[in-house]
Amino acid sequence: MIDYQRVLSEITAHCSSSDQKGMIASYIPELANVSIDKLAMHLIDSDKNTYAAGDATETFSIQSISKVLTLAQAFGILGSDIWKRVGVEPSGDPFNHLSLLEQENGIPRNPLINAGAIVVADILVSHLENPKQDFLNFVRTLTGDSNIHVDSAVARSEERTGFRNYATANLLKSFGNLQNDVATVLDFYFHQCAISMSCAQLTKAFYPFMNQGKCLKDRTHLTQTQTKRVNSIMLTCGFYDEAGEFAFEVGLPGKSGVGGGIVALLPGKYCVATWSPGLNAKGNSKLGMEALEKLTTKTGQSIF
Amino acid sequence: MIDYQRVLSEITAHCSSSDQKGMIASYIPELANVSIDKLAMHLIDSDKNTYAAGDATETFSIQSISKVLTLAQAFGILGSDIWKRVGVEPSGDPFNHLSLLEQENGIPRNPLINAGAIVVADILVSHLENPKQDFLNFVRTLTGDSNIHVDSAVARSEERTGFRNYATANLLKSFGNLQNDVATVLDFYFHQCAISMSCAQLTKAFYPFMNQGKCLKDRTHLTQTQTKRVNSIMLTCGFYDEAGEFAFEVGLPGKSGVGGGIVALLPGKYCVATWSPGLNAKGNSKLGMEALEKLTTKTGQSIF
Amino acid sequence: MIDYQRVLSEITAHCSSSDQKGMIASYIPELANVSIDKLAMHLIDSDKNTYAAGDATETFSIQSISKVLTLAQAFGILGSDIWKRVGVEPSGDPFNHLSLLEQENGIPRNPLINAGAIVVADILVSHLENPKQDFLNFVRTLTGDSNIHVDSAVARSEERTGFRNYATANLLKSFGNLQNDVATVLDFYFHQCAISMSCAQLTKAFYPFMNQGKCLKDRTHLTQTQTKRVNSIMLTCGFYDEAGEFAFEVGLPGKSGVGGGIVALLPGKYCVATWSPGLNAKGNSKLGMEALEKLTTKTGQSIF
Amino acid sequence: MIDYQRVLSEITAHCSSSDQKGMIASYIPELANVSIDKLAMHLIDSDKNTYAAGDATETFSIQSISKVLTLAQAFGILGSDIWKRVGVEPSGDPFNHLSLLEQENGIPRNPLINAGAIVVADILVSHLENPKQDFLNFVRTLTGDSNIHVDSAVARSEERTGFRNYATANLLKSFGNLQNDVATVLDFYFHQCAISMSCAQLTKAFYPFMNQGKCLKDRTHLTQTQTKRVNSIMLTCGFYDEAGEFAFEVGLPGKSGVGGGIVALLPGKYCVATWSPGLNAKGNSKLGMEALEKLTTKTGQSIF
């Protein structure tokens, strides 16, 4: 049996001594002010045992990791009708490129690039009564933790400076693939990205994806088929134009955020989260990716 | 000596009998409601003689033709510094594509595609005291006619539905190539496009471009070099992805608008405007292009 | 315990009654002449039990499936140096597009698109003494079956008509990413694609990929890490611009060929092959994909 | 009246003192070995007076300048049927990009990019009895000079190293837009590019383009309409992705070659050629472009 605690401790010890920690996202002050030395890992196995290393209960901005959670909620609401408005293919391009969206007539390649996540946000805005609160409640329920909040300063900063997201939403609107106002949808989108969570909370929130749709309290949030499909999308699309590299090096479905968080999972075995705010050139946490590569190598386990 | 009046009359007689008149732009009601049968030509020669055929004094929405006039005003203000923010190469792509803009880091290919014209609008908003009024006055002065107005209903319609222009402006902003607010710049831009003019007025407004920068009243509005350069941009970029075709078939610098107008000129000889609201697949006036092709063929004159 | 034989029989019974069988590849006569009604499945589980349905021992042209086998041989020879010349990211584009290759300076996105496979072919031509024979022997050894042959008529047809592959190889050469002559490399490439195998043989050939690198005779052909990496590439890149869809619907690493074959595997559990020559619009076997979707749904097993 | 001799002397005096001469094309030894200090201008006016400065009778490799001459010959043979196989729009992209060709299904944007010139070469190979000799004779006749030759060493070098041209021709073939063998067409193409001419010879060869189709001996080689159309293509497409810049700075139809030559013309007035082997970043002669910009500025004449 694998001693996950020892593995996590070894990995974080090794990573914390690295002098190649990447660059912190600097486009808004709230992200830029985080210490480059923050490092955390947290893992929950299928027996609900938890293992922690580093700052595992300190919260950070989950950013794009939220895209999996909105997808899960929208998938639960719409079922497979969701695929009429967004695809499931990897984009092979950086996360914010509009070119593909234009060439493909306003149908985003997948729900984990910005364009796709904005369509998913539009779906939730259409279907939820109080979209921002209802989505936050969904995350709290999934995690089994009511102490999860939106960092309003982060949301406001993105609202002021997120010109590329405004460009994307308007382009979607011009193609008829946005039903609500651009401002309303992006207000929701900026709030979902501004949720703060710790590695410990993230592993709980993503527990259903490794457990056939059931959360830690054994409530079913997604069907087994839906779970499998969200996992496949995480694997092929979860790391922007580095998705192939992550599948290749790590071999787990997962999702990263520019706040430096990554969450990943081995179906039926465990869910794991890492946090290190320094990013590589592709916008994924540099040490986070290394930590997860070491995890699958040391344990000899991956989906492949 | 060429009998321009006879040539215009023959051409409009021939064109009005065509049953292939193209499609009227339908994206806003104000353009869609114009009769497909409208047809006009107006020509001023270098001796200031004027020749008219059809509805030559009826006004229509000049739309993208305004881009040459904002370029002229901005070029006059900034001089060649303008080329730091916009290029002079043909785009080879439809008029509204964002892909190129993204690939080329927010520097539009030329000032006659939407992205480039929005940058020019931004320059005017920065440098004019009352941008919308000052630009309108510039057009009135150039034309020597104070009876030129903005059709506010057209401007408002575009403001409500111009999502792709909002996308473009936000993308420019994300690249740092827009100094003012998106809303302010687009308000100006939608107003410049919503100016109504007749063919007779357009030939007067563009008289300086065929007369080394001097208007009908012999006032200098552009230097000889600036005039030559604006003409070269009209030739290589004035007809979206049909610029080569227009140069090939017609052989004159010119500019079209989705309202169905085209203005063109033979340096030192004449300035001509046509109006027929039916557009071809590339968004240029179908009969207008045919009329101008006939003009250069019948007169045996072109820049080539 | 799953009754694979019953599952295969049910699936092939269902598929053979479909009247939506796709279109047979017609670009060379040797492929076009195969009957649209051919249908086969073959599965080997981790206990080396085999299960067959339909024409499971009839051979067909494996075409692009060969790309995984050349990759395995080249990976074994070069180790991770191979990734200096070819990437591991999904292309998001049809299998034969040159645009990406040009934009990315001659480094193919991954080894399972044509451009990448031609680079892999070049590597084998450089490192093998008798490239065509040595590679065929590698396939025979992997499969444990000396009765595997190249269909020379298929190879010759592709040599006469494969202009796009000549274009690709010359473009690679222009970027310095092809060490041997275009003609020599493509001669090898056309031969590797022209290998004929049955579903039964394919499951044996791919057995090592589900068994940590060891073939049915327990000889090690790839390290555990190399096996995992080839599997991840199959998952993210094995189905051209339908890779996401296959991961989403089926959830197994696999590879298709235009001859109508697909091979897929569940690490540690089984290796499966299907054959139905009718292709969907993306160039993958239509019924083969449906059969594999049913397999993972009926068995409730996938990597996700 | 303009003293062209004085103007040419002033310009060449000024250019020869420049220390920014660009970079000599180095991809084949025959081009790389030319002295960077070579500089020549030659002009013929409409009265057939000639003016020379610098090495105006020294020959160099005309390279892409030949594309205008093959176009003229093919246009004369096929008439406007030629436009079924090649377009007339500027490419907006570097001269050798395959991406556009692929996106646009094998119809090259215009006859002055490599892909388009290869289609034109294919047309000549189909219609001429002895293509290489017949085309050389056409150039000799146009020029009125039998002392024009192909530099076989240049042709052979390009044959050995022109992988991108092989890629292009094969891609055209895959789209069905090449009727003859790739090898045969490229053999012709490499020979047309390898013609050596002096500036003096080039102005004679291009005299018909400024003289409504008639050569110095008053023989008609192109109709007036064909002449006008070839000139428009030179203006919009003659300088790769710097065509807009050349139109903007110089304002004349023209064509450049990587051998450092440029030929340009003012319809009805003069034809001019320059030679300086140093190229700018876009592959056009650096001093040649400057010399022509000075020519139109000093004389105050251009098509605009």
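Note that the chains are named A, B, C and D in the order they appear, and that numbering of residues resets to 1 at the start of each chain.
Going forward, a contact is a pair of C-beta atoms (placed from the backbone, for glycine too) under 8 Å apart; a residue touches a chain by one contact, two chains touch by 3 or more.
Since this is a predicted model, take the numbers as computed values, not measurements.
Chemist: Measuring between mean CA coordinates, which chain is farthest from chain C?
Modeler: The chain lying farthest from chain C is B.
Chemist: Pick same or different for copies chain B and chain D, depending on whether their interface residues overlap by over half.
Modeler: same
Chemist: Measuring from the mean C-alpha position of chain C to the mean C-alpha position of chain D, what distance in angstrom results?
Modeler: 47
Chemist: Report, in whole Å, the distance between the mean C-alpha point of chain B and the mean C-alpha point of chain C.
Modeler: Taking the mean C-alpha position of each chain, the two centres sit 55 Å apart.
Chemist: Using mean CA coordinates as chain centres, what's the gap between chain B and chain D in Å?
Modeler: The computed centroid separation for chain B versus chain D comes out at 32 Å.
Chemist: Please list all residues of chain D that touch 2 or more other chains.
Modeler: none
Chemist: Run through the chains and report each pair that touches.
Modeler: Chain pairs that touch: A-B, A-C, B-D, C-D.
Chemist: Which stretch or stretches of chain B touch chain A in the complex?
Modeler: The contact residues of chain B facing chain A are 97-99, 102-103, 163-164, 166-168, 170-171, 173-174, 182.
Chemist: What residues of chain D sit close enough to touch chain B in their complex?
Modeler: Going through chain D, the ones touching chain B are 87-93, 100, 109-110, 224-225, 227-229, 231-233, 235-237, 241-245, 247-248, 251, 253, 267, 297, 300, 302-304.
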